[in-house]
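First the structure, which I've put down as structure tokens, then a few questions once you've had a look.
Labels for the chains are A, B and C, by order of writing; each one numbers its residues from 1.
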């Protein structure tokens, strides 16, 4: 296991296990068309961009255990939407994808690796919130996820978060210390309804063999399980939270933040392609349009 | 099994018949259980080559990367266990010597330390090493091997050094008193007597216990998976499962790997134990026949 | 220390959950360990083999792997129970191997003459074990068995990660990762919780050891 007891590992732990499950060899061939790499871009001296462009390489913190967003495959390469996003940004700096060093950054250490200068940015299903903004700055958001509920297809009792209270025997599974596990608490009749594991794939297994009645986390992750389940699972109810994923950068680097936002906006096509070749391969996952960036601070 | 048990005589004809009947019943029961389990698993498709192939079929395209991951995992597990063990023995010896040579007042903080570390779950100590130290700004990442590796090693060492301190203390205490007296009589100082006469003998007695404890340390390296990322055997298994979605198969293979390594270590401990002269004193942990009760059980 | 004082109720609840896991596992592992030990010393070869297999397997596998097998393997076999059940079961299976060995070492320490004497007055295998050998073995068994039990109490921390939740360890994990508390104070709180279990248990064990020693 890689990242346990971590905030967002939780949020999006096992997006599309589908990708994983189909297994074997076909993952590698589906990578997006290489994003364009700018030829010797010019930056104002002293900015982060100038430094990185000069250096010709960048260190990016990402998850290694999140199918669809950042999953280390058997040969040690990381694949997923977050990885593609990092490549788009690096391209804007004139950095080739091969020059990106991905550093495994589970949820709990994301602020730390930025503060400690171990990475230049973090793209790791990183939900923007005020608490985190005290320690780091965010560019983006580049994607807005939302928490939802997944149940077995033959389950008619659970229709959304509200019905968990009425079905006080129902067990709902999430990941220890995750934001979704905290969000769902208010909907429960009894805290004993919440079953916690280290990874969402374990929750999906538990749902598959009837040990729990529902799994809750971000919709994109759940869609992955639904797609993989051969009709065994379904999503119910509306998304009941909003989780804007941002790109973490050192606190106060406004110029870098603006640069990232501009780069993403200028590469909408690559953005859509990045989605379709990774998290978007799951049936029912709509290709998002790039969300309006939040003001940089 | 020991050939002659103290619990029953050589059996007569009736007893033998009874034993045969019991044997048959036991065999049937065990076989029945195995049959039910196997049938269930087969019904779930757990024996399909799709799930086993990457682990056992060399022609499978995932076979090579999978075993590369596993091999890396074994190496990292052994590395962490070996370093933690070495540090534990060294620090444990220092604590034991300090405890044996300090006065009453000096001993109390040491006893407190021993009780503190012995009373905490290893996983909590590993958490301390890998996460708390990092949060309070101890720059473990400056060391070769990286922050998580040393966090794990520190956690394991904190737990095992106090156990070793006890083993060493018992080992030294088990030596005949005349050894120390003779050493002092030849003009050695207290410290020299400890270093040159008592400890070397105690270590010989303790070697099997040290190896038995190594098994515990080795298993405990897997606790890092609950705390942080270090590519030891169990984490590698998780990585494989995440990619291939074959948890049962992967975990069976990993369990067998742990068992093989630990069983071999256990045998080594027995061998060393048996080789020891019976006259020598015995250390804290006894290793009789094939029953090793580890000095301090971990997870 | 706000992390602890603010969430004192959670810590207390975690402490009680951990205690609950420990108590059930204590009874279970002692009973199962005794059964396995009986298998190992019995005159029936398949039972001996089974006992040896059991001990070799569970003593050499990390607890986390055993727990995984219980939480995800058993439902696969059609056994559906709560995760509390599976978690405690995993801890019991793992600990039983150590309990078995402690008991067996104790049985082996009883002089052969005792068992022979028991048989010579006409006691059979079970009676001899029950009335003569085990009571005496108890003396040698108590100290190692005590360490096994205390190790089990500490190992209960791992159980919480397998769907049980709400124990001391998971409480700590929730506070640090989801609610953003500093790790150090939470660590201290969790550590104190476990010490409140293991230190009294250790003291109690010493009392028992002394009692048994006197009974000699």
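Here is the rule we go by: a residue touches a chain if its C-beta (ideal position, glycine included) is under 8 Å from a C-beta of that chain, and two chains touch if they have at least 3 such contacts.
Predicted model only: the values in this text are computed from it and were never measured.
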Exercise for review: Determine which of the two chain pairs, B-C or A-B, is joined by the larger number of C-beta pairs in contact.
Suggested key: B-C
**Study point:** Per Cα centroids, the chain farthest from chain B
**Key:** A
Study note, to complete from the structure: Distance between the CA centroids of chain A and chain C (whole Å) is 40
Check your understanding: Once you find the CA centre of chain B and the CA centre of chain C, what distance in Å lies between them?
Key -> 17
Point to revise | Separation of mean Cα positions, chain B and chain A [Å, integer] | key: 38
Review point. Which chain A residues touch at least two other chains?
Key: 4-5, 108, 198, 205
Check your understanding: Considering chain C alone, which of its residues make contact with at least two other chains?
Key -> 72, 76, 161, 176
Check your understanding: Hey, what residues on chain B touch two or more of the other chains?
Key -> 131, 135, 225-226, 234, 247
Revision key, fill the gap. Per the touch rule above, chain C residues touching chain A in the complex are 71-72, 75-76, 80, 83, 161-163, 165-166, 170, 173-174, 176-180
Point to revise | Residue numbers on chain A that touch chain C, as the complex places them | key: 4-7, 10, 107-108, 131, 173, 176-179, 181-182, 191-192, 194-198, 202, 205-206, 209-211
Check your understanding: Hey, which residues of chain B end up touching chain C in the complex?
Key -> 1-2, 5-9, 11, 15, 19, 22-23, 26-27, 30, 37, 40-41, 44, 46, 115-116, 118-124, 127-128, 131-132, 135-136, 215, 219-220, 222-223, 225-226, 234, 247-248, 251, 254-255, 258-259, 261-263, 266, 286, 288-299
Practice item. Would you tell me which residues of chain B are touching chain A in their complex? Key: 54, 61-62, 65-66, 69, 131, 134-135, 141, 225-229, 234-235, 238-245, 247
Review point. For chain C, which residues are in contact with chain B within the complex?
Key: 40-41, 43-48, 50, 52, 56-57, 59-65, 68-69, 72-73, 76-78, 94, 98, 101-102, 104-105, 107-108, 110-112, 114-116, 119, 125, 128-129, 133, 144, 147-148, 151-152, 154-158, 161, 169, 172, 176, 182-184, 187, 190-191, 194-195, 198-199, 202
